[in-house]
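Heads up: the structure comes next, in structure tokens.
Just so it is clear, A, B, C and D label the chains in written order, and each chain counts residues from 1 on its own.
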Amino acid sequence: MAASGGRLPPIALTTNCPSCGVGLVPETLRDQCYVCDCGHHFRMHGDAWIALLADAGSWHERWADIRPHDLLEWKVPKAYQETIDQARAEGLNEAVRVGTATLAGHPIWLAVFDFRFVGGSLSIVAGERLTRSLEQAAAARTPYVLLAASGGARMQEGILALMQMAKINAAVGRLHQAATPYFSILTDPTYGGVPASLALLADVNIAEPGAAIGFTGPRVIRQSTYADLPSGFQSAEFQLRCGQVDMVVARTELRARLAHLIELYLRPLRGRR
Amino acid sequence: MPGRPRDTLSVWQVVELARHPDRPYALDYIRRMAPDFVELHGDRVSHDDPALVAGLGTWRDMTVVFFGQQKGRNLAERVSRNWAMMHPEGYRKAMRLARQAAKFGFPIVSLVDTPGAFPGAGAEERGIALAIGQAIMGWFEIPVPVVAAVIGEGGSGGALGMAVADRVLMLENSIYSVASPEAAASIVWRDNARKVEAAAQLQITSRDLLAMGVVEEVVPEPEGGAHLDHEAAARALEAVLWRHLEQLLPIPTAELLQHRYERFRYIDSLLQAAPDFGPKVEPRGAAGNPAER
Amino acid sequence: MAASGGRLPPIALTTNCPSCGVGLVPETLRDQCYVCDCGHHFRMHGDAWIALLADAGSWHERWADIRPHDLLEWKVPKAYQETIDQARAEGLNEAVRVGTATLAGHPIWLAVFDFRFVGGSLSIVAGERLTRSLEQAAAARTPYVLLAASGGARMQEGILALMQMAKINAAVGRLHQAATPYFSILTDPTYGGVPASLALLADVNIAEPGAAIGFTGPRVIRQSTYADLPSGFQSAEFQLRCGQVDMVVARTELRARLAHLIELYLRPLRGRR
Amino acid sequence: MPGRPRDTLSVWQVVELARHPDRPYALDYIRRMAPDFVELHGDRVSHDDPALVAGLGTWRDMTVVFFGQQKGRNLAERVSRNWAMMHPEGYRKAMRLARQAAKFGFPIVSLVDTPGAFPGAGAEERGIALAIGQAIMGWFEIPVPVVAAVIGEGGSGGALGMAVADRVLMLENSIYSVASPEAAASIVWRDNARKVEAAAQLQITSRDLLAMGVVEEVVPEPEGGAHLDHEAAARALEAVLWRHLEQLLPIPTAELLQHRYERFRYIDSLLQAAPDFGPKVEPRGAAGNPAER
């Protein structure tokens, strides 16, 4: 199986790999799913994730027209409306996009976070898209694939951003009750309200190598507790040792692994009444 | 206007009342509601979390399971209760006892009062994010009435983990926020000294949350604040909690759980929002506005 | 409420309290449930526990006639049949006795371990009595009170002693399914197969002050891991901190606490359909 | 006689075969049964326990959840897998994935091979007794077929926690015991050098357990022992596991769980015991003998 569903779009890159320091050749990196030869996984945005996971031409985005609103009339240091308008002017459509696709021929629901839209922050629009898609996946027993990348809840939507965690998790509960396979891929970084709502509640939690995953970020922990944090704290490998994720999978292997898991979890039961 | 914070207080004055060191804490309410309260301990995994009080008692001739995020009255108690900042074990204790309440059919009262879940290395190592996520999901499967009240600080996911309920109330001078004013200031300004401005923008007072339809009712406090008269504050909270629980008791289980689902499913639709809040949302057609579907 | 259901029988005592060293006056100790003024809880045997917990005259023992058998033909260092015969000659009837009683007027099932019978070891007879009583408690929704004190499974019954853990826990599961209140009192010492089967699975786990409770005893842990064990390791208070027990209750308060818990847990539901 | 250990071996020789360093371990069987085996990790609380392998794979065209207590082949792996002595997290991982198997309807295969649960301070601090107790109770509520096989050492409660199943098999040269011979000697003689005598008295070989009716079947090993031919041992185990699972698959869930209950409920009644074992129980009337009721 191909490592990606189609050719990945270009992404903005530094000139050298932050891990090994080698100079980067964008086209080469693009062909290897933006993974350096040293194993460093570059952050990918929503379009790239869709291209990686969805079979070519299979992506059908849903509810792209739901838009954020400045409910709190947030003004300083920057008006929320301005933040939204700028992001949308750059062609971004909120922190979460959802849709149907196939992965190696299997119909799936796919939800991708985009860290470029206000730090992938959980918002009303994100929550609404996630909840609608979770509900539809549960109704049809279609496997649900989540690609998580988030800095937390969106401050500018206040308490209603927090409430998305409850709204989403209620729908995750129904997904489980409907025995619908749920796979969550946690990428760098995934913090705050996203791992504390749906991102760690999957049947199989998959982390990208080296991804930072946690509830509270290391800076805040150091400020609050004056603690020295061990190296590798909150890394994907740390979360594997701490029993929070099932596996750490290289991006180049991810599509094949997901296809295999979908086959295992969807296989019709035999002989059981 | 009854049920709303005095308009004469600034947002920051409300924050200070919500955090007042003499403010009644969870046990001050629980012990008055159920003088025979018995505390139960432990997550049955590895710890007991003193930041969360949990147990049973008799309230209005019923056996009720009480939860309360509990601050300390003096330094030693504050340290031992970790300033009511829960570790993962607290949420696991809560879900253990919520399932026990479900088994026996006991209603649940949860009192929320925390700056947030504990931001420490041990909490991360023992899965604080997932513990909160499991609690939030778990509450939707607890087939008994659940009434929650924010009695002081409702801080972020750490508060929400104990506030997924059929009715959520707030004491007049309490706050409930996506992040503490300090944390929000640090995120937005990278300067937590801007906490007063952040608090004002975040809309975190009981009046704000009632207007947004996020809480069902605001419980008025004694003149000057609950810290001036614990007895009166407890009487007021008890009466409102009971009024809500009484309405929930006869609802059949399936309907109760469906209502709880819908309460949070449409909480951002502003359907229950106050008139002075709603108009901010401009209708743009069914798909364009999450409020209309 | 009286601290005990009736006058406790005499028990064998050392001459001085092992905790505070004072000389003991047996009659005084007997009147205070064998708790020294310093708080030291002396080990009590089955008869004393029944007298403490059951209302006077309410105890009806069941299945006292089920007897152990030497299924493995165990010979050395001492024949199992001889071990059994000696214990029975001393008037002991197996490591567990069960029966019905009332506690402050509430009907209960009561199961008491007796450490004097081969170290309170879990045996086929113990398992059979526990399982029958758990099944009957579940069928009638009668609160179940367990008094645990055990060194582990009975070696001389081999694998069939181990199987009691599964047999008992299957019945504990049915007790929970029947929403029957279950209270477990863990006393000094409770080790091995008993806490790893029914003793920690109650709705409310109660430990006696200072009781040693654990799976593996400290001697074996030190031998296996060369670890220094902290003082208080595996004490009741340690198990409270470690989240395994709900409360540590002094023996003089135990009856009143149990009566209160039974009232709370058995109160008929009001207004719920 | 097929299905029984060679009569020519002493009990201690069987113990040595069960512990043979070249003996096939759990993954040697699982990878042969399901070459596409995917390991899943973690208790979703605080640790992953490498002493227990857990995951899914395709076996005979079905998706099956596999568990295996896993020893290490070299010193580094032995250390990392803690000689297959599980911590509480291992039992919690098992129950998490057993419940997932139940949700999706996957049958379960559990391979048992442990000296016992880990006797260490950390295991005690994190509730090893209760973790085993919850697992033993939990297995009775898993509504899918469960087949277990002791492939080496079945040591005490640590083994039983992974061996509550509809059918329990034993490889010919495996042992299953209330305590390891060393521990039993230490308890009974206060001298664990008496392990050979203890092993003989404890009746721990597959032949003994079959005679007592504690296991359904003994799987013959290749001549000389499974360590001499991993392929043949795996083929033999696979065939017997499948024969049992095939019988269980069509059984309706309620009946399956009731049978599982009764299997352990009457396991000491010697109802299924071999004739040469049963007569040891002298009937003394219905109440006097647990075998008759």
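As a convention for this text, a contact is a pair of C-beta atoms (placed from the backbone, for glycine too) under 8 Å apart; a residue touches a chain by one contact, two chains touch by 3 or more.
All values derive from a computational prediction rather than experimental measurement.
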Chain A to chain C, fewest steps along touching chains: 2
Far-end chain from chain C, centres as C-alpha averages: A
Distance from the mean Cα position of chain B to that of chain A, given in whole angstrom: 29
For chain B paired with chain C, centre-to-centre distance based on mean C-alpha positions, whole Å: 40
Multi-chain contact sites of chain B, meaning residues that touch two or more partners: 44-46, 125-127, 130, 134
Chain C, residues touching no fewer than two other chains: 200, 242-244
Contact pairs between chains, per stated definition: A-B, A-D, B-C, B-D, C-D
Footprint of chain B on chain D - complex, ascending: 44-46, 88, 92, 125-127, 130, 134
Residue numbers on chain C that touch chain B, as the complex places them: 176, 179, 181, 200, 203-205, 240-247, 257, 260-261, 264-265, 267, 269-273
Residues of chain B that touch chain C when the two form their complex: 36, 38-48, 56-58, 61-63, 89, 93, 100, 103-105, 107, 144-145, 246, 249-253
Chain D residues touching chain C - in the complex, by the definition given at the top: 117, 119-121, 123-130, 132-134, 136-137, 140-141, 156-157, 160-161, 164, 176-179, 183-184, 186-189, 197, 201-204, 208-209, 212, 214, 260-261, 264-265, 267-268, 270, 277, 280-282, 284, 287-290
List of chain A residues in touch with chain B within their complex: 63, 65-67, 69-77, 124-125, 127-128, 131, 152-155, 157-167, 169-174, 192-193, 195-201, 214-216, 220-221, 224-225, 227, 229, 233-234, 242-244
